[in-house]
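Submitted below is the structure of interest, expressed as structure tokens.
Chains: A, B and C, in written order; residue numbering restarts at 1 for each.
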Amino acid sequence: MGIEEIKKVAEILLQYVPATLKLFGATLLFSIPLGMIVALLRKCKIKPIEWLVSFYILIMRGTPLMLQVIAIYYAIPFVQTSDSLEKMPGFLQTLIGLVDIRDAGYMFNAVCVAFTLNYAAYFAEIFRGGIEAISKGQYEAAACLGFTKTQTFFRIILPQVIKRIVPASSNEVITLIKDTSLANIIAYEEIILKAKQQMQLYSSLVPLFIAGIFYLISTIVLTTLFSFIEKKLDYYK
Amino acid sequence: MEEMLQVKNLSKSYGNLTVLKDISFHVKKGEVVAIIGPSGSGKSTLLRCINQLEKADGGEVCVCGQTMFSSDESGKAVYSSAQILREIRLKIGLVFQNFNLFPHMSVLRNVTEAPIHVLKQPKTEAIETAEKLLKKMGLLEKKNSYPCELSGGQQQRVSIARALALHPEVLFFDEPTSALDPELTGEILKVIKELAKEKMTMVIVTHEMAFARDVANYVVFMDGGFIVEAGTPEEVFSNAKSERTKQFLERYHNG
Amino acid sequence: MRKKLWKTAAVIMAASAMLLTACGGAGENASSQNAESQGDTSSDTATNGESGEDLSLQKVKDAGKFVLGLDATFKPMGYTDENNEIVGFDIDLAEAVCEKLGVELVKEPINWDTKEQDLSVGKIDCIWNGLSVSPSREETFNLSEPYMKNAMVFVVPESSDINSTSDLAGKKVIVQNGSTAQDILTESELAANMEITSIATNIEALQQMDINLVDAVFMDEVVAQYEIKNSDKAYRILDEGLAEEEYAIAFRKEDQALRDEVQKILSELKADGTVEEISTKWFGSDITTIE
């Protein structure tokens, strides 16, 4: 490929950087709070809930993300076209009927849900480790000083958990930016899907390498950001 | 004198293992009570029950006239409403063996955090109080340090300041010097002595016999979940009635 | 403690749900509009009505859109060009069909691996992307009549003395590396008598032949026609090819009315010369098999 062609491919791929970053950002935004909730539910004393959460984590970590994207994306349309729809309660029928699989928003929402559920499971395990590493004495000291449970969690426990989970989380986040390419299994138009199309057009691997540069830059930015955060949190041991 | 703490027939067990049985004693305003006894005698559990870190099975505990829990007809402990338990909680302070300072907060914030967010004191007022307390503890110049930068003795003094910042009516110490190097215990004992001089009501679980004898108005000797002997330091240390007490004190003197 | 924590958790969850709804807001508006325009069939993507009546054609006309699924990497049938536009022979033909049908053509990129699901759940109305006919596909889909033949063929210079596959004995033949053509040629009986080399692209393969490094190029007939048309060199395709296959359009099994209408329009376009015009644009002559 010539310089002019490479420039053209790069320009096209650049147009799909927002699509990749949108999926990345939305996944982080939803999976981190959800992961925190899952981590707390996993420590729940009600056994069936604990089992359910453990099962959820097993499925999410035990099956490929690609498969989960497909399963979630096709779940609603599959119900729409199957006979089981008529057996469902009316409001559910209406709700499912409202979903338009041809809408671009549906595809993004489905991919986002799949990624969020998957990443929440991984984050939940990181958070659980972080929460369990905090000594009982911290809870007791907080209780004796009259802090409410919510205050204890947000003022005493969470800040310490965050410091502990930053290194493991940075790994997840860097993996996520590269995992966004798995969304192209249902033809979500992100940078790798476009790179593949351009590869076919030019019968060349170069477009894929151009996409690779984007991921490399993203990773450099994220690594720098996380080492900055780690330094910021390094004021105590 | 006003009764600050009343404990009547308190009992507690883990499954079949009885750790506290029929514990009764009381603390008057301005009194210093030392609880002594061998490891596993139930001293710490008693303190944790009074500080609501463990649930008692039966008996009664009153703090400053408010009932924390009392037994029903079957002898089971019935706790008061959450509101009353909270009020009681704020009347008592606890200093831990392992300090349990908040590692992510500066010394000053460790002391001001509860007054600001629990008592809703204005920030300036809380800081003023905290600085006064830290000065008293000889740690004012360390107010911007983090706990990990302090020695064990300094950390324990911060945790005493943290407990005092809430102006407790009674202050409890759970073996405050056990986690410290021997040369650092002196600074903590000095602080407690000073508090005693100011007529602070205190209950101290301790292994420091000389200190207990010196500072306490009243000594409680526990063994196997029972109070074996209680009285003035003179009565317990010099004229122990029970064989068990004599044995324990002897080993201590020899050890 | 747990109760309070759960309360906090519930608030976070509710907030996340709200955010998700907000993000999906634009999409939902669009879906409800679609639901309105589709009338009482909005919640029912299956195209057969209660009475068993075939509504597939009516649905496309009501929606005003014909959604064509393609993976957009098959040059010259349907692919993404240098300007990120989806173009190709199939696309031009589908545009002509849609014009007659009075609807807008929507080119929906799909993953070729999940094309069956995309069609069956109604994400797309047809797969139209040089889809080869096979017994299993005849089983799964409602296929149109084949509209084009494809074979793996030998391309030689116009002036070459090679006129049949038997003349290829002892000659040098080049194929695109990793292509189906490479597999087919190396497994064929002819392979024993010729020297086979490979190169990254078909264009480079033809260039090798131009400078006499090789005697023939073995490639997809459809691609060959397109490359020959787009080069200024004189090439010839040997009549005898290998592994002949046909291209058809795939519809849902039950969408008979839609399939028949598209088939009818294709015949009309053949009759009025539109097909020839499009085929000539891409391949230099009418190579379709539409009747």
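Here is the rule we go by: contacts are C-beta pairs under 8 Å (C-beta built on N, C-alpha and C of every residue); 3 or more make two chains touch, one makes a residue touch a chain.
Bear in mind that the values here come from a model prediction, so they are computed numbers and not experimental data.
Centrality by C-alpha centroid: the chain sitting nearest the overall protein C-alpha mean is A. No other two chains have as many C-beta pairs in contact as A-C.
Chain centres were defined as the mean of their Cα atoms; on that basis the chain farthest from subunit B turns out to be C. Each chain gets a centre from the mean of its Cα atoms; for subunit A and subunit B, those two points are 48 Å apart.
Annotation: 80 Å between the Cα-based centres of subunit B and subunit C.
One simple way to say how far apart two chains are is to compare their mean CA positions; for subunit A and subunit C this gives 33 Å.
By the touch criterion stated above, subunit C contacts subunit A in their complex at residues 1-9, 12-13, 15-16, 19-20, 23-24, 26-28, 30-32, 34-35, 42-46, 67, 71-75, 79-84, 106, 108-111, 113-114, 117, 120-123, 176, 200-203.
Residues 51-53, 86, 89-90, 93-94, 96, 98, 100-104, 113-114, 117-119, 146-148, 159, 162-163, 166 of subunit B touch subunit A in their complex. Contact residues of subunit A toward subunit C in the complex are 5, 8, 12, 15, 26, 29-30, 33-34, 36-37, 40-41, 44-45, 70, 74, 77-78, 80-81, 85, 93-94, 96-106, 108-109, 112-113, 148-150, 152-154, 184-187, 189, 193-194, 196-201, 203-204. Per the touch definition, subunit A reaches subunit B in the complex via residues 135, 137-138, 140-141, 143-147, 151, 155-156, 159-160, 163, 235-237.
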